[in-house]
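Quick one: the structure is below, questions incoming.
Order of writing sets the chain letters: A, B, C and D. Residues in each chain are counted from 1.
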Amino acid sequence: MSSSFGTLLKTTTFGESHGRAVGAVLDGLPAGLALDEADIQAQLDRRRPGQSVLTTERGETDQVRLLSGVENGRTLGTPIAMRVENRDQRPADYGEMDTVPRPSHADYTYRVKYGIAARSGGGRASARETIGRVAAGAVADKWLLETFGIEIVAWVDAVGDITAPVPEIGTLSRRRVDAHPVRCPDDATAGAMSDLITAVRTARDSVGGIVACVCRNVPAGLGEPIFDKFEALLAHAMLSIPATKGFEVGAGFNAARMRGSAHNDPFIFRNGVLETTTNHSGGIQGGISNGAPVVFRVAFKPPATIGLPQQTVDYRGRPVTLEARGRHDPCVVPRAVPIVEAMAALVIGDLLLRQHGRRR
Amino acid sequence: MSSSFGTLLKTTTFGESHGRAVGAVLDGLPAGLALDEADIQAQLDRRRPGQSVLTTERGETDQVRLLSGVENGRTLGTPIAMRVENRDQRPADYGEMDTVPRPSHADYTYRVKYGIAARSGGGRASARETIGRVAAGAVADKWLLETFGIEIVAWVDAVGDITAPVPEIGTLSRRRVDAHPVRCPDDATAGAMSDLITAVRTARDSVGGIVACVCRNVPAGLGEPIFDKFEALLAHAMLSIPATKGFEVGAGFNAARMRGSAHNDPFIFRNGVLETTTNHSGGIQGGISNGAPVVFRVAFKPPATIGLPQQTVDYRGRPVTLEARGRHDPCVVPRAVPIVEAMAALVIGDLLLRQHGRRR
Amino acid sequence: MSSSFGTLLKTTTFGESHGRAVGAVLDGLPAGLALDEADIQAQLDRRRPGQSVLTTERGETDQVRLLSGVENGRTLGTPIAMRVENRDQRPADYGEMDTVPRPSHADYTYRVKYGIAARSGGGRASARETIGRVAAGAVADKWLLETFGIEIVAWVDAVGDITAPVPEIGTLSRRRVDAHPVRCPDDATAGAMSDLITAVRTARDSVGGIVACVCRNVPAGLGEPIFDKFEALLAHAMLSIPATKGFEVGAGFNAARMRGSAHNDPFIFRNGVLETTTNHSGGIQGGISNGAPVVFRVAFKPPATIGLPQQTVDYRGRPVTLEARGRHDPCVVPRAVPIVEAMAALVIGDLLLRQHGRRR
Amino acid sequence: MSSSFGTLLKTTTFGESHGRAVGAVLDGLPAGLALDEADIQAQLDRRRPGQSVLTTERGETDQVRLLSGVENGRTLGTPIAMRVENRDQRPADYGEMDTVPRPSHADYTYRVKYGIAARSGGGRASARETIGRVAAGAVADKWLLETFGIEIVAWVDAVGDITAPVPEIGTLSRRRVDAHPVRCPDDATAGAMSDLITAVRTARDSVGGIVACVCRNVPAGLGEPIFDKFEALLAHAMLSIPATKGFEVGAGFNAARMRGSAHNDPFIFRNGVLETTTNHSGGIQGGISNGAPVVFRVAFKPPATIGLPQQTVDYRGRPVTLEARGRHDPCVVPRAVPIVEAMAALVIGDLLLRQHGRRR
């Protein structure tokens, strides 16, 4: 296990999906930030299952509670512990899962790794694990916004083979993103995505997608070469999110197809500082932010749990046909938006503290 | 600066391109591995500039010297320090670079970050920095191969818009990769890539590319959820390599377009263990290796240094036209192959030690 | 803040004395350990204030609750979160403390460090912070005992100028230590210590003391030179406990007065392995355990809170006379015994995992 | 192995006593410090064997060479690699040491830990390992002094049972300490210590001692509770030095004998800030510096290598009599003075960067 992330701003998450609670401890945040549970709840509500008209199942779940680190509405500089109780604290009754590893789930690998027969690490590989990240990230996000004006906005860039046009990243807001439940800021595309998700659900299948993210007003100078370059920490953070398969920054994989004369970002002088006329670099050069918006994309695979029958084998190697029962998310990217924002905030916050250490 | 990487197997690199030496300290490698300088030199020679018929400029440069950690041809379990002297130890005479930040280089960001006017961190952002990685990785690579049978082979998957067919990853060898200087194992594609690189060079431009990598015989159980998932550490490692813009594992960004019914990897029983019939997961499920080959791809941008004139501004904001003189690599991916292998070896070695810690 | 400790076995504590809860997250413990709350409660009860006949104030406080990491009575290998609610969740009403930094408390330094006017980091410098350590340590302790037979026993070695004779460290048990509330296993000395504590309390003063500790059956080979030597991590762990002023291992400060001919521990051959005839080394040579009992001592200062009037100044520099009201522990060492054991268990557990990583 | 120390200011040391070189990489030091090899050499010369009239054996050994991180006499903010070549690069010919573990040396424990028969980790447990620490510490020391006015001065406080009177710590200088080769600033005591060392040498024995250290002008606010308290990191650093057995800060073990009314440090108002009238806290309260001088002491055992015959056993358990040949240091504390200073500088530098990260 390695349940901690960050050097100076450190997040530790805990909790299984069917245990008592999930949560996080955020350590290293400077004192003095105004903070209450509503600040955190807002992002948790965006992550929560059953939030959209498409999936209106659940009520007022996932209420966060601050256990420490805040007094009289201000952070103390001490660890901020946050807890969300699980409503579904079932005793462990795995049924079929006890004997059959679900394809492309973590059942098999957790069993090999830890040597015990628990449900995917007892549910640690569940999407509920991300609650802790979102809670911690929401705190970091508020601190970055209020203290440094850093704005982080993620959105759904693709669902299956439907890709959105590039939005106006200079002004894109979370409110705009949330205008459609699928969290794609282009209305026409959002509608098509929504239709696709509905069709996939009807077919008892699932579909992947891409979340894009912009971080505005990141000061130049953040990133710690050689190994903790800005993009390296972002990639680490994003690939630690469940179901992610890829990360790219700036021009990303397209850069591999480009010529240097087209990819290079020339400098210009504007408002008293150097800026670049293009941003193929995605706001990062040599592993260090250059003041331009940091832009990146994260690929998510289709959820592994599907209703369609799957031919596989049980732990003893005997053939079985699996059919998932119940309702499952056919596409994770709308709910992944606040998770991506959270991890971005944790990376930027950590790099900011590390860079400020150099000041005399 | 963050010049160290790894938790139990830790690499620290040092050195600027125009200083006395570059190198690395590899700490945490178990004792008893047979090791001499030739083992390391082999990979350094694959990284070295001017190695191919395309660029026959330099001679027997970049000779590694072991400073510590080995006695009587065996590792001691103590830190292995390796040093490569720089032949080109010029006194700092930056000329134009002193006044003009090169577009998409690290000149500007290093200056903002460190507050000094040195050439890209005095040359720390130079490709020579990767010598230390390759040296450390070569040691880890030999240890993984000889002790655990783990085989790591990277190759050039794309140059510009030329993409190679998927090779036979079960048998692909470094020897086969090196059969063509461009390091693409498909002969026809390699020829086309070589032509493209030559054309780009003639045009005084540069071009990007993609390196792919397979790691065979990685035991199931490696990877440390939640934050140090196998793919998360790989992504961190790869995005810390200069000029990288993207990382994907298994089906990668294509997974975003797939249905779950197509993407899921069903289990079968073979040779007494569970295997998967497909490998869209890229050998990793839930952040933990499942015994299948670990497969990933890394996107590299076109080198920033080009001979074509570029319109930009100097540090004071005055317009200038930059034209790089001298010979520069028009495409980095052939030389990036051993760098990708090195970083993969460092990740796998670290995860292996961490997993073995659980054994009683 | 740095609220995490350990490399592979990592403890993160949280909580202020007057907030909602205190607790810890223990990450990295292998799966399969039988664990329930009673296992942890036992050590918490030994730490609890008001436990002895000397100080019978409080009831059944400090009940631990497992939030995660355990299923069906077994650890999952995932982070174990533990929480103890605070009964005394007063709104912040500091009164005098708001204007006067208590001498030799953390009031002043926390205010300088964090830039806010909170009660000693909002109570993070309070002895209640050690609840998280004791909870995490109790889990590690049980794992070390049941899996490896490692026994950790601490005792009160000195109170003020009363020092106990050296006990039989080969057989000393926690039960024997707890036979007297002062936790000194020598009955006569325990009585004298108890009298001294009572006298000091009556005088509205406080007194320091020393806790000693033996760790038996620690396997040879633990400790990570150069910087994470066994004794270095122990020293780090012990000096992180509130009110500690010194640490020594084996002959300790006495070794400074000895000749090598007297201090050296000669080897003998016993039961098929090398042992030493003496143990001035305290079970550690070259930073690595040698199989002999690990023995060390920790010095605690007298508690800073005393009823006697103290001449000092307020934050503005105006002279004031401070007199602490209420009941305060006149001597911390009896309650520090389980804290020292907890930190020792966390160090040994971490080193054990790190050493086992070397196994093939 | 854990050959790295520090969070933001990170030192990695390498090298065995009989290999090619020893050295260190110091990472994280801010750019812009004036630095050349002479700055480092000064402290290495104080650590060098054979430097005093008592032991005039060797010449101009241990010359440091800067390999990276400095350009035009200024640090670049990049890793500073430093190397000292070993003159005595003997091929491994252990003779008796190959079969007999020296009492209280690391021979036995290294063999158990690493599973190989090398001389104490091939000489990694040798005192030469400290060269890397002293080199890295000298750089940090210069930075702390020139940028923040922080002065670190260590001295020999005791040799055997001879203890020096407390010096005037407000003005004590390295020059004053070096006035006598034994490095005790009290002339009469220094003479007696010198006589004792000579007598012990004549008797073919060895003797322990204590090094004390003061750090002046340390700003209030350094130290990272809970686990990286100032004194905890100091204790970690000091107990990682070879041959150390104890650490105490402020009143130290004496505090255990004191009453709170005597030990507490009352505040007064002086020069516009709060200061304390006494300094039993040793400049640290609640794990955070309070602006008073940081004062601590480190106990060193007598060197294990003595000429007197020792009854012990070989690795197979057969009795042998060991008599060390050649000249050996009968007491390490005079040479340990710069080592203690180096480790103190590395701790303070790291804490300073971590605290400055909090600044906006």
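In the analysis below, a contact is a pair of C-beta atoms (placed from the backbone, for glycine too) under 8 Å apart; a residue touches a chain by one contact, two chains touch by 3 or more.
Source: prediction; values computed, not measured.
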Counting hops between chains that touch, how far apart are chain A and chain D? 1
More contacting C-beta pairs: B-C or C-D? The answer is C-D
Based on mean C-alpha positions, I'd like to know which chain lies farthest from chain B. C
Rounded to the nearest whole Å, what is the centre-to-centre distance of chain C and chain D, using the mean of the C-alpha atoms as each centre? 26
Taking each chain's centre as the mean of its CA atoms, chain B sits from chain D at a distance in Å of 38
Between chain B and chain C, tell me the centre distance in angstrom, where each centre is the average of that chain's C-alpha atoms. 45
Quick one: which residues in chain C touch 2 or more of the other chains? 1-4, 7, 13, 30, 77, 113-115, 121, 124, 354-355, 358
Sort out for me which residues of chain D touch chain A in the complex. 7-8, 30, 77, 147-148, 353-360
So in the complex, which bits of chain A are touching chain B? 1-5, 7, 13, 101, 103-106, 108-110, 112-115, 120-121, 124-125, 129, 158, 160-161, 200, 205-210, 220-229, 231-240, 242, 244-253, 255-261, 263-269, 274, 276, 280-282, 284-291, 299-306, 308, 310-313, 315-318, 354-355, 358
If we count contacts the way the header does, which residues on chain C are in touch with chain A in the complex? 1-4, 10, 12-16, 18-23, 25, 27-28, 30-32, 65-72, 74, 76-81, 83, 91-92, 113-116, 118, 121-122, 124
